[in-house]
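Structures incoming, each one as structure tokens.
In the two assemblies presented below, chain A is common to both, partnered first by chain B and then by chain C.
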Partner chain A sequence: MIYSLIGYYSLIFGLIFGLFLFYLSYKNFKNSILLDNKIIVFSFLQFFFVIISFLSLIFSFVVSDFSNVTVFNNSHTTKPLFYKISGTWGNHEGSLLLWLLVLTLFIFIFLVRAKNQSVKYRILTLVFQQVIIIGFFIFLIKTSNPFNYLFPIPNEGLGLNPILQDPALAIHPPILYLGYVGSSIIFSSVLAATTLKMISSSWASHIKKWVLISWIFLTLGILLGSIWAYYELGWGGFWFWDPVENVSLMPWLALTTLLHCILVLEKKSVLTSWVIILSIATFTLSMCGTFLVRSGILNSVHTFANDPERGLFILIFLFVLIFLSVFIFFLFHKDDGRNSYNFFWMSKETSILLNNWFMMYFLSVVLIGTVYPIFLDVISSQKISVGPPFYHKLLIPFLIPFLLMMAIGPKLKWIKSNLDDKLYLISLFIISILLAFVILKNFSQNILINTILISSALYLFFITLRDFFVKKYKKISQNIAHFGFSLLILSILFNNLFSSEIITNLKVGETFENSETKIVFESINQKKEKNYNSIVANFNIQNSKGEEDTFSPELRIYNQPVIATSEADIKTTLMSDKFIVINIVQNQDFFNVRYQVKPFMMWIWLSVILISIGGVISFYKK
Partner chain B sequence: MKFFRFLIMTFLLISFSNLKADNYDTRNKITKNLRCLICQGQSVYDSDSEFANSLKILVDKKITEGLTEDQIYKYFKEKYGDWILYDPGLNKNTYILWLLPILLFLIGGAIIYKNFIVRK
Partner chain C sequence: MYGRKVKLRFLFIVLILITLILSVFLILKALEENVVYFQSPTEIKLLSELNKNKIRVGGMVKKNSISINSNEVNFIITDYKNEINVSYTGAVPNLFEEEKGVVAEGFLKDRNFFSATKILAKHDENYMPPEVKEALGEK
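After this line comes the complex of A and B, so read on.
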């Protein structure tokens, strides 16, 4: 009760401080020699009150205060403490409060850290950020107040969706939001810099750090979501081209493009318009993601809580932001064309342009694939599905030249260059093709496209691997990230090609056997936990090499809410994962058993971590 | 003679199990491209709902009837509509879906070539 009160009024205070900040900024902007200390103090206070509000929501969850509607809807007394806490952001209201928390945190850090930037620039960035923050305050208080009362107070809550009761998913939203919301700073500061006509090399080096922060968190956030989908959804896949996954991928693609493009701006002060557009697009895409997920428009495995009216608010808010940025762009930004816009074919500039070109293509495929079915449904009420085959057909052919350019591009110098050492570039290329042939010699399906794909990924792999050992090659962050990407593509390809799978129905005591695998369904027993009961099935699986493993996949029946889930049992080794999951077949006494051997699973995760390490190194580099 | 019979039997068995394995792969491939209509964004292959299971059996039946992959897709499309197929074929509803990204790619390339590249 008391926590809800504190939480709610903290939000109101936060909103009031936001309005004060507009006033202070206005006064300070007119007379801008020094940044008014009050501004920093007030943004700290705003952040502080949002933290208080957030903490009171956490406390409400911890003590299971069911007078709070959010807690009632998403918690239960028998839930372990960890999931009571993570339940705070496992729902719509709480996750928006988290959005707000990150928004206010970032602008405060920005104000403190950007000391050597001009005062006007810092104030304007704050103002634009406050527009977003106030929008979210109103959104939260009007449509999604996390502190609504419930009377009479129920004794028990409804519980948290069991598939959200998971460690990876507990930390996935905060990390992802740091990435999403981090792009708000890029958005605000690009608008400020455009207004003040200070988009230049020095601005580029300053904003690069913020781009990197968002990018690192977004990468890791997507990774965590993917790992969660892999072991929790129980299908053995890790990326489904599901709309909710796509909306997290889109800002990532835009951000990655921006990251490359800013390198050119940093060096040559060109492509200013493009950088502005990309920065605006990144945040807009993050907002669109929130809109699409929260409005319930999307049909997806990940949409747990949604409400059309909230969608309308976000949509209007989104239009306001887009209108504001387009207005500023056309009013203030004059591309004076004094810089030479001409690049030579063989130059780093051109290779980055080509990168941007392809990245924008990938982005447009994902964007169109995600929203087109919605539009078609609205316009002609025809329902179509756009699934993996669409994305594969449009993306894979373009991935091949993209991989090759990723290998060559970083070797080119600014302005104009020639490739020295053509010999090793060509010989590595030939080696890659030969190796791809050897790997695929036993395959009959799609041999051509797979060989080409694997060759180009191998090429990038070898080139970047070699560069680690070349002394004069100093761009370690870039090299790690590109190396990680080649590893990612290779692992995904090998994982796809060499996975094997057995689906069968077994009773207790039965055995399944084929030429490679012997599955013995030994026994079942029951287990009682605080928040669920489960049936544990024990399997002994032997492969052709005689290696034996025991597995115990579970069927869990959660008590609050009553939902049955399958928990896969996964044996992870460096080179391959063994994955088993069971399901009940209705009115039958056997279980549906699905056993998969998935090579290079671990490498998919590791390579994404490598990619983000590249970002971290670049962040700490002077 | 006995030996001969044994040989034929083994041969039949092997070829039969091969056939079965092939069918099995085809079935997985097909069910991966079918949406489970009552689930939230799962394919028939991934789902264990009753609907999905009955569809799996139906796919098996169609394969043993000798229908090709495309014929099976066509059959499901006629029965349940486009919504069930994860691969939206190229037709008047999807021209924009398939061609717009490629068009954008070409436009992007033209812009880069025209504005940025030095011509000799």
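After this line comes the complex of A and C, so read on.
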């Protein structure tokens, strides 16, 4: 009760401080010799009140204060403490409060850290950020207040969806949001810099840190979600081209492109329009992600209560922001040719430009695949879905030149360049093709496209691998990231090609056998925990080499809410994962069993971590 | 006639245009081939001809209709006006139960028989896919 009160009024205070900040910025902007200390204090206070509000929501969850509607809807007294806390952002209201928390935190850090920048620029960035922050305050207070009362006070809550009760998913939203919201700083800063006409290489090296931070967190956030989907949803895959996944991939693609452009801008003062547009696009796509996921338009685990008012608000807010930024872009940004200079076909600039176009193509494919079903539903009420074949068909052919370019591009010099050691580049290419062919020679289907794909990924792999040893490589961060990417593509390809799967229905005591695998369903036993009961099934699985493994996948029936979930049993080794998941079909003796052997699963995760390590190194590099 | 620079720029613009047209064409073509339509049992009954494309069927699992053997799960999807028999080989999601909403993806054998390749998972007991809700006429 008291926590809700504190939380709610802290939000109001935060909003009021936001309005004050507008006023102070206006006053300070006119005589801008020094940054008014009050601005920093006030933006700290704003952050402080949001954190108070956030903490009081956490406390409400911890003490199971069911007079709070949000707590009632998403918590339960028998839930472990860890999931009571993570339940705070496992719902619509709480997760928006988390957005707001990160928004205010980042602008405060920005103000403190950007001491060397001009005062006008800092103030203007603050103003643009406050537009976003105040928009979120109003959204939160008006349409999704996390502190609504419930009377009479119920004794027990409705509980959190059990599939969200998972360590990876507990930290997935905060990490992802750090990435999403980090792009808001880039957005505000790019608008400020455009208005003040100070988009230059020194600005680029200042904003690069923010791009890297949000890129690293976004990458890790997507990774966590993917790992979670792999072991919790029981489909045995890591990416399903589900709209909700796509929605996080799109800002990532834009942000990755932006990262490359920023590096060029830092060195050469070109591609300014690209940088501005990509910064706007990244944040807009992050907002779109929130809109699509939260409004209930997309059909998935992330879809909470379906409230049209919320969707409408975010939509209008989004349009205001897009309109504002496009307006600023056209009004203030004049590419007057001052910085334009010629570069030749064989140069680093060209290869980065090509990279941009490729990335934009990938982005538009994902965008169309995600939005088209919604669009069609609105205009013709036809229900359709777009599945993996669409994406594979459109993305894979373009991945091949993309990979080759990634290998050659970094070797080129600025402005004009000749490739050195052509002989070695060509010989490595031939080796890659031969190797890919050897790997795939026993493989019948789609041999041509697979060979080409694997050889181009191998090519990137070898070239980046060699660069670690050859010279005192200055661009270690870039090399690690590109190496990680080649490893990622290779692992995904091998994982796809060499996975095997058995799906069958078995009764206790029965055995399934084919030429390679023997699955014995030995027994079941029951287990009772505080918040769920479970059936543990015991399997003994033997492969053609005679290796034996015992597996005990679980079927959990949570008591609050009553939902059954399957807990896969996964035996992970460096080279391959064995994955088994069971399910029960209503009132029948049969268990539905799915057994998969998935090679290089581990490497998919490791390579993504490697990619983000590249980002971390770049962040700390002077 | 024209300077080298103008020619180059012209070439560049033409190249970009061609790329754009090509990629739009590719995307639309792929969309056309790979889109999966959603249909209710009643809509299937009214089909004038069966197409061979993959579709999704949604509705409720009829009471007492699930039967299972070692390699197949059979059940009936109903929208309370019409129904369709489904046979399925594959993994079953957690919330697959009688008298609950379901979406099956696969191929029509005839107007009464559907061979499913995938049953879509739902994650929330109270959650009903919008398509199913509409197919059931907001029941």
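In this section, the second predicted complex is superposed on the first by the 614 of 622 C-alpha atoms of A that agree within 3 Å, B and C clash if a C-alpha of one lies under 4 Å from a C-alpha of the other, contacts with A are read in each partner's own complex, and residues count from 1 in each chain.
Quick note on the criterion: a residue touches a chain if its C-beta (ideal position, glycine included) is under 8 Å from a C-beta of that chain, and two chains touch if they have at least 3 such contacts.
Nothing here was measured: the structure is a model prediction, and the numbers come from that model.
With chain A as the common reference, chain B cannot sit beside chain C without a clash. Once chain A of one complex is fitted onto chain A of the other, the partner contacts of A:564 are limited to chain C, with no touch recorded for chain B. When both complexes are overlaid on chain A, the residue A:161 reaches chain C alone and has no touch with chain B. Of the two partner chains placed around the shared chain by superposition, neither chain B nor chain C is touched by A:9. When both complexes are overlaid on chain A, the residue A:384 reaches chain B and chain C alike.
When the two structures are aligned on the shared chain, A:242 is found in touch with chain B, with no touch to chain C.
By the touch criterion defined above, A:394 reaches both chain B and chain C.
Using the contact criterion defined above for the overlaid structures, shared-chain residue A:353 touches chain B, although it does not reach chain C. In the superposed model, A:592 lies in contact with both chain B and chain C.
Contacts of A:498 after superposition on the shared chain: neither chain B nor chain C is touched. In the superposition on chain A, the residues of chain A contacted by chain B and by chain C overlap at 233, 235, 299-301, 303, 357, 361, 364-365, 368-369, 372, 382-387, 389-390, 393-394, 583, 585-586, 592.
The touching residues of chain C, when paired with chain A in their complex, are 19, 23, 26-27, 30-31, 33-38, 56, 66-73, 89-98, 121, 123-127, 129-131, 134. Against chain C, the residues of chain A that register as touching in their complex are 161, 163, 233-235, 299-301, 303, 357, 361, 364-365, 368-369, 372, 382-387, 389-390, 393-394, 503-506, 510, 512, 561-566, 581, 583, 585-588, 590, 592, 594. Against chain A, the residues of chain B that register as touching in their complex are 28, 32-33, 35, 40-43, 46, 48, 50, 53, 81-88, 93-94, 96-98, 100-102, 104-105, 108-109, 112, 115-118. Residue ranges on chain A touching chain B, taken from their complex, read 233, 235, 237, 240, 242-243, 299-301, 303, 341-345, 349-350, 353-354, 357, 360-361, 364-365, 368-369, 372, 376, 380, 382-390, 393-394, 398, 501, 583, 585-586, 592.
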